[in-house]
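First the structure, which I've put down as structure tokens, then a few questions once you've had a look.
Chain naming follows the written order as A, B, C and D, and within any one chain the residues start at number 1.
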Amino acid sequence: MNAQGSVPESARRYALRRALFRFSQSGLSLVGLALVVTLLMIAVFGPSLAPYPEHLGGAVNTAARFRPPSLAHPFGTNELGQDVFSLVLGGTRVSVLAGLAVVMLGTLIGTVVGAIAGYAGGWTDEILMRISDLKLTVPGLILAMAVAAALGPGILNMVIAIALSWWPGYARLVRGEVMAKKEELFVTAARAIGAGPGRILFRHILPNILTPVIVKMSLDMGFAILTVASLGFIGIGVKPPTPEWGSLLSVARGYMPDYWWTAIFPGLAIFTAVFGFNLLGDGLRDVFDPKARR
Amino acid sequence: MASQTVPPLLDIRDLHLTMKSFDGEAHVLNGIDLTVNRGEIWGLVGETGCGKSLTGLSISRLVSTPPARYARGEIRFEGEDVLKLSESAMQRLRGRHIGMIFQDPTTNLNPSFRIGEQLVDVALAAGRHSPEILGLEARASSSARRMAARALAETMLDKVGIPNAAQRLDDYPHQFSGGMRQRVLIAMALIGRPALLVADEPTTALDVSVQAQVLRLLTGMVQEYAMGVLLITHNLGVVAETCSHVAVMYAGNIVERGPVASVLAAPAHPYTTALLAAIPTRGVKRGDLKGLAGTVPNLIQPPPGCRFAPRCALAGPDCRADVPPMIELGAGHGAACLRVASQTEAA
Amino acid sequence: MLEIENVSKVFPGRRSLFGKSEPVVALDQVSLSVRKGGCFGLVGESGSGKTTLTRSILRLDVPTSGRILFEGQDLASLSPAALRHIRARIQIVFQDPYASLNPRMSVHDIVAEPLVIHRDVMGLDNRQRTDRAVELLALVGLGAQHLHRYPHEFSGGQRQRIGIARALATNPDLILLDEPTSALDVSVQAQVLNLLIDLQDRLSLTYLFISHDLGVIRYVCDEIALIWRGKIVEKGQTAAVFDNPASEYARMLIAAMPEVRSAATRE
Amino acid sequence: MLHFILRRLVLIVPVLFGLTALVFAIARLLPGDPVALAAGPNATPAEIAAYGKEFGLDRPLIVQYGAYLSGLMKGDFGVSIYTRRPVIEDLRAYLPATLELVFAAMFLAIAIGIPAGLAAAAWRDKWPDYLSRVVALGSISMPRFFLGLLLQLLFAMWLGWLPLGGRFPITEDPPALVTGFLTLDALIARDFTAFSIACQHLVMPAIAMSLSPLATIMRMMRASTLEVMQQDYVLTERALGLSSRLIMLKYVSRNAISATLTVIGLYFGWLLGGTVLVETIFDWPGLGLYATKAVVTQDFMPVIGVTLVIGTLFVFANFAVDLLYGVINPKVRTE
């Protein structure tokens, strides 16, 4: 209402401008944004940036095993004489891609289930939510391990394994939001003028719950990357020689404490990536979620 | 002789308050002048966003700064400017000297605590610097204080008309009806025996039948304790039936003030007149109400001069030049309108 | 036009975490009859059952017993298709103009939505719907420049006008006004009340006006009924009820009304 | 109240039943041939078949499930096809270790998270708030296995202050078994040497485990405290002269904690399942380590057993939180 009288501006533009302003007020969120952008760039261009691209394909150099960090090898070399810096750069793509796929898949399944449960209510809700409860009670990592172990290694299998334990979170969120919005007066108004369920759900409810879902997705990206790395660490993940942060760290564990660099740098890479997404997601939540905003 | 020098209970002078937001700094209070004495019940009326609630909150300094900023002016309580007090001195005033009641009785009591506990804590806070409230010596033990506070809580609950006060102290807020909760809140506001009560829309959330009872209770208590009251409301009917004086606010200004009978019977400011003409009172024929055209001004870039001028039928270029001063019409009745001035000069 | 015959609504006790609560009788044998072209006022305080009654008329709730007839047709006996047709002819304006408009829809989409939903009856194409939306906005005193704005850009009074425009979209015969001005300031309330009166005269509408505010009801309505704890306690011509209230409840309510005039006459 | 407890207890049964079905289905329907794996690389097809027959794996799945369920009724969780040990014995040995770790981590998380969250809210937009935000985001971003590694590198390998892993050295005498929690058992036996040894082993894994619940509890506590601080009743409390100390520590915190409670319940279950990584790193003889070994060899009976135990504990943890919520919230309690 405050915009009234001043230069006419569409409400969306105004809301966006306001959100951008709020976002840019927070230094931490900007750091997160920068980290995420860098990460995405590395994921796209990583292999071509690597000083020793041949190591990404599995080439070894036994003459240069366990070199400590130096100018030639900023992160040192590993037990096969491979450049750790190149491997870390190359591992970005797997982590980011897999994380993205997990979140997308989880959101898709979760939103469909949650929307149906929240809107239909009654028995449908009861059954769908009990199924999602079941998924919550089964420890996600063990479930993912079991599925991944049975399906065999590979990115796709890993993504499926993680997404299977991922969707209930979205289902609960969407269900709760749908149920809250269902009680809103404007939904009652739509029902009063004769709108059918499809129209109410897609035109009136879902557009109004988009923001919390997007915020959760951005927060979950970091967590998904973490889970991917965890599976890699346990030894269920991508097939070697594809470099992956978790498995790099797992191999390096055996060479502690003398060759610490082989473990520290992949670990830091995981941390930085996850941290970036969390900073970004937290900033987005501050901007979009009026409850957490204050 | 001493009565000459006793300062008024509440004396707000030229209070300016701005509020920062993403869109800019809004001038929400634009030079408020208001004096409340003991025994007076002032109605502060106005429409949404006129600044009446912020005025009330400012008296107990409960507006967070930032985003708010007191640009100018003072709020003197018994002669002392509360805007200059330290936070701990302010805390001593709250509850003990200035009581407050807010609109919604369902949200103003803490749902997780028994009402007795909440009353006792308020009484203890008030009794910390004035043990006489609890009827105790300054050096009384803390258990003695607690017992006295509980006894006082029971008395107050009884006074506001809650049956079985002793037992109900142990009930939780949700076990009371809306009207009863507002009574509990009145007891809480008055347990420290404040000299000034600020009541912000105390009956708006209540049903009409309950509203009348609560207002009667409130006026009775005020007379018994000889308090001064600032009753903030949007309802002129409530003002007419409860208050001795009224101040009408529009867009951050008090545009008219004076004794209720005089202001409501002979409104001088065009805004007051318009407000009264918009109320569906007895005898108004279907279709005869007068709405007020236009909208409330944008307070970030308020119109120059009289803020009501853009919506005023009588306004001329002179109205848009300067903020009109308060023109005294006798017996404490005043209106901030240049047209009133020309009328009185002509007369 | 609208006949409400012995309608009762009992909500079964809700099963909560810690046991079962008592069933709630929201409406108890309510009978009303709204005359075509009239403005019928229903007065009640919170919890009196007036909201349940509106929801029942709109078939958002189904009464436990009794019948609701619209132009002689029992709403309960209608097929879903027939009910949809009736829906186009009974519209509602809600109390809260802030919550009753979808924040993500433009004014155009809000006002045109009933036309889309009832396009089989209305038979308008896209272009015509936009024209109709402009026409409706003009009817409630808003300019076409507002068409592509969003609800949060409007003041409470303007939003309520948008809500009224939406209710008028399908040329309804009966409009339920559920506390349409309670959330508004008096000066705006007067404008909206006058708009409603004007629209009723021009479009020959029938109103069922629900409010807790006796002053507003007295101003707008020709017939009134008082509802208290789910029961109708008094019914009659507005003037008659105010001058000679028959029930204890009506007397108490009228006495409790805060009136401005009383100040002038008090001293 | 009693009625409520009984109702909830009855509702738990179908959930647990569903859990067994689900886990059984996942473990048995997925591709992979555990028998071939267990029988060894040199086994002939006939040997493999015989091996499968020994464990009843040649029967239809539904029969296997029925047999498993009837075994469960008698407390029989099946037999590992690898070690041929009854799963129940392993569970009995490993569960207390995991629980001890989870309780220690949860204790750390609650004891630090709740006051820190309250402080962050009280000093919103001041340095305690920023600090808590960075710490919280850093904590959830830190992979537990990496943190574990760093802790080992620093405290065990370089400084040599703490043992690298394990729960209790074989060279020392463990305290008499009472609760299964070594720290508690040592205290009960008044064996302070054993207590100190147990603590030294517990501290690093507990810290590594506690990080992410600590962060979440802290953030949740901050958010709910801020939300409570916005409530009308807090304004009333301030307006009537209560000190900000009293308001924060008494009136605000109780409401905020009850909102945070749900998260704590959820996290308890999550931690139980999340011990895998930390137990692997620190060689902690618990369910996670046990499950990991079983998963890698596709030894499904232990996997089902572990999942079932953790699922059951999770369900009961949530049930306990619901109860506690009812006790804290007077509206639920008095109705």
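Just so it is clear, a residue touches a chain if its C-beta (ideal position, glycine included) is under 8 Å from a C-beta of that chain, and two chains touch if they have at least 3 such contacts.
Computed from a predicted structure; not experimentally measured.
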| message | Between B-D and B-C, which chain pair shares more contacting C-beta pairs? | response | B-C
| query | By C-alpha centroid distance to the whole-protein centroid, which chain wins? | reply | A
| remark: Rounded to the nearest Å, the gap separating the Cα centres of chain C and chain D is 54
| task | Report, in whole Å, the distance between the mean C-alpha point of chain A and the mean C-alpha point of chain B. | result | 52
| note | So, in whole Å, the Cα centroid of chain B is separated from that of chain C by 34
| message | Which positions in chain B are in touch with at least two other chains? | response | 295
| message | Give me the residue numbers in chain D that touch at least two other chains, ranges are fine. | response | none
| remark: Note: chain A residues in touch with at least two other chains are 3-4
| note | Per the touch rule above, chain C residues touching chain A in the complex are 58, 60, 84, 87-88, 91-92, 94, 96, 99-105, 113-114, 117-118, 148-150, 152-155, 163, 166, 170
| remark: Per the touch rule above, chain A residues touching chain D in the complex are 28, 130-131, 133-134, 136-143, 145-147, 149-152, 222-223, 226, 229-230, 233-236, 246, 249, 253, 256-257, 260, 263-264, 267, 270-271, 274-275, 278-279, 282, 291-292, 294
| query | Quick one: in the complex, what on chain D touches chain B? | reply | 231-243, 246, 250-251, 254-255, 258, 328-331, 334
| note | chain C residues touching chain B in their complex are 45-46, 155-157, 185-194, 197-198, 212, 214-216, 218-220, 242, 252-253, 255-264, 266-267
| task | Name, in rising order, each residue of chain B that touches chain C in their complex. | result | 47-48, 178, 207-209, 211-212, 215, 234-241, 260-261, 264-265, 274-282, 284, 286-287, 289-293, 295-296
